[in-house]
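Both of the next two complexes hold chain A, though its partner changes from chain B to chain C.
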Partner chain A sequence: MVSTQAQLGRWLRRSGTLIGFIVVIVYFTINIPNTFLTLPNWLNISQQISMLAVVAFTMTIVMVMGDFDLSVGSMASLAGIVAALLFRDSQPVLLGVVAALVVGLIGGLINGVLVSYIGITPFVATLGTLTVFSGVAFLLSGGETIFGRDIPADFSTFARGGIPVGMVNERPLLFPNLTIMALIVFVIVWVVLEQTAFGRRLYAIGGNVEAARLGGVRVRLLRLIAFMLTGMGAALAGLMYASRVASANPTQGAGLMLDAIAAVFLGMTLSEEGEPHVAGTLLGILILGVLDNGLTQMKVDSYVREVLIGAIIIGAVTSSSLNRRGR
Partner chain B sequence: MRRIALFMTLLVVAAFTLMGTVVMAQDAPSVAVITPYLAQPGTQFLVEGFQTSATDLGWTVNVIDTAGDVAAVISRIEDVVNQGVDAIVINVDPAQVSAGLQTAADAGIPVFGMDAGADALLITNVTSNGYAMAAETATYVTDRIGGAGGVVMFVFDPYPPVQKRGIIADTIFGNNPDITIIDRITPDVTDGGIADSRAKMEAVLAANPEPGSIKAVWAAWDQPALGALQAIEAAGRQNEGIVIVGIDANPQALDAIAAGGNFEASVAQDFSGIGEATADAVARVLAGETINQRVIYVPTTLVTSANVADFLGS
Partner chain C sequence: MASPLLSISNASKTYGSSRALIEARLEILPGQVHALMGENGAGKSTLIKILAGVVAPDSAQIALSGQPVTIHSPQDAFNLGLRFIHQELNIVPQLSAAENIFVSLPYPRRAGFLVNWAKLHADAEQVLAQLGIHHIDPRQQAARLSPGDQMLIKIASAFWGAERAATSVYVMDEPTAALTGDETERLFKVIRELQNKGCGVLYVTHRMREVFEICDMVTVMRDGRVVETRPIASTTPSDLIRLMTGRDLEQAYPPRTLPVEQAVTLDVRDLSTRQISGIHFQLHAGEILGVAGLTGAGRSELLAALIGAERRLTHDVLLDGAPLPPLDPTRAWERGFAYVPEERRTQGLMLSRSIQDNITLPHLQRISRGGVFLNRASEKRISTEMGKSVQLKSTGAEQITRQLSGGNQQKVLFARALVQTPRVLLLDEPTRGVDVGAKYDIYTLIRQISGRGAAVIVASSDLGELLGLCDRVLVMRKRRQSALVDATGMTAQELLTLCYDEAG
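Our next item is the complex of A and B:
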């Protein structure tokens, strides 16, 4: 009996956020009966959160080590600008995409070197590169929004396309390409973090960096690689964003960073040890996306929405940390 | 465990109480107004003007601010299309949200631009003539300084409606061979634009210490003009006759013009008039009319010390 209770307690501790999420879904389903719990709406939500999801999934990789990357938003903007400028120069779509991803890798490499080899704290290092990447995006674009004919149709229709999964109101219902991209990134990050020695070592660094080093983990190199993956994820998200808005603007990724960190924190409340796991991050993103979608459909004032979302993040993290302390 | 349950319950109860107070009746025509720029004073007047008319017409209006995030505008358009609103009004560059506009078009929901930009997927766009406004203030500056001297420009090319203004000012100043552009500055607007413009202007003042070396500051909107004014006053150079002009005639700018200092002119867009005209366009379409005019312009007024009193109370 006692052990059953203890097990239940442990499960509840881990699942407070999940229960909250389910309560929110039930509430929206009751209050928005015709449209909320429908396949088109959920495909719609999945597409809306896809860019944030890619940033947050790859952000999880550095957060596993207890680091974080503040530069992801500017990197997303910069990647979009790099691709758009190449498009304007009539270069093939593939070249623009590859160049943007390479820029992401290089940006991540810079972050990684600063943090791992020079030893600057991630906060300061990535705050610095946040400003640098943003400045470079402004410099390259001359501060302008690149849009219209400069963006090839092949690129901008990608974000509107998808795999047909049925018909709704005589229009094809698409499983969005952007959602597929996010799912692919999810699977890759999940495999890397949960199924490889590389991932286990990152968790070891996050647990105790000295112990990991003494245990023979090549901390510096792994950290460098982790930051590069995060940088490339940010660049991919920037490309998805640019495709979705069919334009590139030197500030357009700016909102991604804080939401991505918030999603990882929400996800961390699901883990017994308070570690980030990519499945938890997925739940964190879903919470943010579902709240945005449901509250919009319920005509809730957008400022009230922001207050609610912030309060929910604080509430979820508070309750899980209180419980961990109370153990 | 109890604490978690308590926390989540409290949160959920609080959330639902808040929602309960804002959920409205469903039967009146329902219109969603979506913008990333609600924090800007001009946008607030637009929305208020629209809401005033909409309330008179008995509509339910849902105002959605995405806090600067353009992709979120697409998401919110998709949400309200799903929800089945009767019309959507956007205040954002339509070229950047065409994915959302297409979704609305597929669902047969009309979308209107309120100071947005022209687009084939919009029924119409209601706005001021940005070219004409910039021409008014750039001409004012040119006349005041006798077509000669150094001019500092504050521009913002990433936002197309403001970029238009800069282009016209470039042309007018460029047409006066004795006018030199000392600097063409794009301020950082994340803090609203005043503080960074002030800092940039302080640097320009430091680089041009000779009285008379700076004849005028032309700003594409009021915030940089106000920042420049602060910088000039802080440097003690307010008596050099530097002419400052802005555009939009926001309350702070009107106060500055009324005070009779360096800030001499701005252009008043009739934001609430644009909001009302947008509501009028929505009403016409909901009544079954077809609108052929791709852009509907609402007149603007040059505000100087001569007529600023007319605007101060409004």
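Our next item is the complex of A and C:
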């Protein structure tokens, strides 16, 4: 009896973030009765958060090792600029996309070399590259937004497209391509982290880097690869963003980094040992997206929204770390 | 006869089922430098920790200058005039010598809150002068002082204020471990200065030469008991070694059942790293080689070099007769080396991960499908099987390693090493912090593995363990290989003599 109670208590504490999420949904459902809990609204949310989701999913890869990458936002901007510039030169869409992803890989390679071979802390290394990537994006674009006829229709229609799932007001309801993209990235990251030896070794590094090294894990190489994957994820998010707004400017990825890290932290509160898992990150992303969507519909001032979201992140992480300390 | 400055008697301490200290007693007279000797685990550190107020004894009577006192906290010990100097130099390198002297004391102030720097430096100079130290500038950054001078700074810090306490007893735990010969001489001058001032010194060391140079009395501990206290004048180094080791080696070790094979598994012709040099030995299949040496002699560093955790300066090694390139730990595991490091919590285990994750980590490549995709069913089967073979007590392969006892955590590391019968098994302090019952299990296991043809290397500070288990023993001294001897018929006394430098 006692142990059942204890188990329930532990489950409640561990699932605090999940329960909070359900409470938020119930609250919005009651207060925004006609629109919140509808398929079109949720498809809309999924599209809104898809770019952030891609960054957060791939951010999880480095955070599993106890590292993080501050440069993802400016990498997203840079990748968008690189693709748009190639489009302006009338290069094929495919070339622009591939080039942007390669830029992401190279950026991640630089981060990885700095962190893992030169030994700079991730905070300093990626703070430095954040500024460098942003500067390069400004240099390449001349500080201007690239838009209009420069962006080929093949590229910008992708973000507006989707798979029809029904009709609303005589217009087709689409399952957005961007959402599909985010789901594909989710599945890939989940497989990599949870189902491969590579992912297991990343978790081993996060658990105890010296023990991992002595236990045969190639710590430096794996860290390098992980940063490259995160860089490529940021570049992909930048492409998705550029496609959605049919333009590219050197600051458009700026907001992604903090929200992505916040989403991973929210997700970490779900795991017993406080490790990041990509499924947890997904929940973190949903919490941020739903809050944003619901509060906007309730016409809550956007500044209030920011205060609320910040407070929720601190609250969730505090309660879960208090739990861990209490054990 | 003067009443003792410090006396402790009837001191006992039990940890779980193991008795760390049994009715120990010790007296230090004013102006006496008193050596405390004994093998690792003899109870020296427990005794010191009771005096320092870090460990609560089951029983103990402590008196200072004849007055009974109780010590419940480090603060109590400090207020009573007891000072502790550890072998680790816990100085703050960025601060000046003077600031380090006063780092745990109130700085002299002016106007209530500003630091009076002039007085701080003058006080520092004064306390250094009282100890006969004139070559250290109090303004100098501590990082730029030699290890010996850093030690003197710690002693000066301990000396300040203690002179005003009713008693002052300095407990020094292997203070010369990091010092050169000249620095040691300087330290001895300061110790004699303390002695002249009527302070008492309890001097813990493994170094025979120092005991005979600086100490007046010696107390030897063994298995938690004080074996004997006698004046230095009426003892010899070999007396002390006999007193420290005087135990029989019978029972505790399972006997060898199979003979050592003829084939040479590992032929180390020359091996050196930045830490160790001059290593050369041949290891046969089924043989158990011990690595002995004092603390800091290079035991762990030898194993670290063999698993490839340290960059090698020279490397001429053959495995099964074929030249072996310098490997990193990844390749070393792949080639059949297995390693159980000294510090299981910091070097061995991912405590936040499951038993299964910890056991399979070095073997993932082989266990996973195509070397890429995890095969959890197979991991679970292997982990459960290996857990059984090392008699691991757990709720299952998915249990988090943090929740296990120390002995069971050690067994997880053994299970990891045994997933494939290793060609060469490297064990660093395999039974440290493990209770007696689990020790026997581990010895039996080591015998079994060597019986399957593995070559085993055991580094240990427990001489009895080395002699009871190993066929031959490699002795490290001052980070070089100094001897390679047959263990059969050897006594702990003889082995300890080999480990000591100018001993015997």
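Operating definition for what follows: the second predicted complex is superposed on the first by the 327 of 327 C-alpha atoms of A that agree within 3 Å, B and C clash if a C-alpha of one lies under 4 Å from a C-alpha of the other, contacts with A are read in each partner's own complex, and residues count from 1 in each chain.
Definition applied: a contact is a pair of C-beta atoms (placed from the backbone, for glycine too) under 8 Å apart; a residue touches a chain by one contact, two chains touch by 3 or more.
As the structure is a prediction and not an experimental result, all values here were calculated from the model.
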item: Joint occupancy of chain A by chain B and chain C, clash or fit; value: fit
item: Partner chain(s) touched by A:Phe198 [first = chain B, second = chain C, both, neither]; value: second
item: Partner chain in contact with A:Gly215 - chain B first, chain C second, else both or neither; value: second
item: Which of chain B and chain C A:Ala254 touches, first, second, both or neither; value: first
item: Partner chain in contact with A:Gly207 - chain B first, chain C second, else both or neither; value: second
item: Touched partner set for A:Glu275, first chain B, second chain C, both or neither; value: second
item: Touching partner for A:Gly16 - first (chain B), second (chain C), both, neither; value: first
item: Superposed model, chain A: greater residue contact from chain B or chain C; value: B
item: Minimum C-alpha separation between chain B and chain C after superposing on chain A, in Å; value: 20
item: Complex contact set, residues of chain A against chain C; value: 194-201, 203-204, 207-208, 210-218, 272-275
item: Sites on chain A touched by chain B in the complex; value: 8-9, 12-13, 16, 19-20, 23-24, 27, 31-32, 34-35, 38, 40-41, 44, 47-48, 51, 138, 141-145, 147-148, 156, 159-160, 171, 241, 244-247, 249-252, 254-255, 292-293, 295-304, 306, 308, 311-312, 315-316, 318-320, 322-323, 326
item: Chain A partner contacts - residues on chain C that touch it in the complex; value: 307, 309, 328-330, 332-334, 339, 341, 346-353, 357, 361-362, 364-365, 368, 371-374, 400, 416
item: Chain B - residues contacting chain A, complex; value: 1, 3-5, 7-8, 10-12, 14-16, 18-19, 22-24, 38, 60, 62-72, 74-76, 78-80, 82-84, 93, 95-99, 102, 106, 156-160, 163, 186
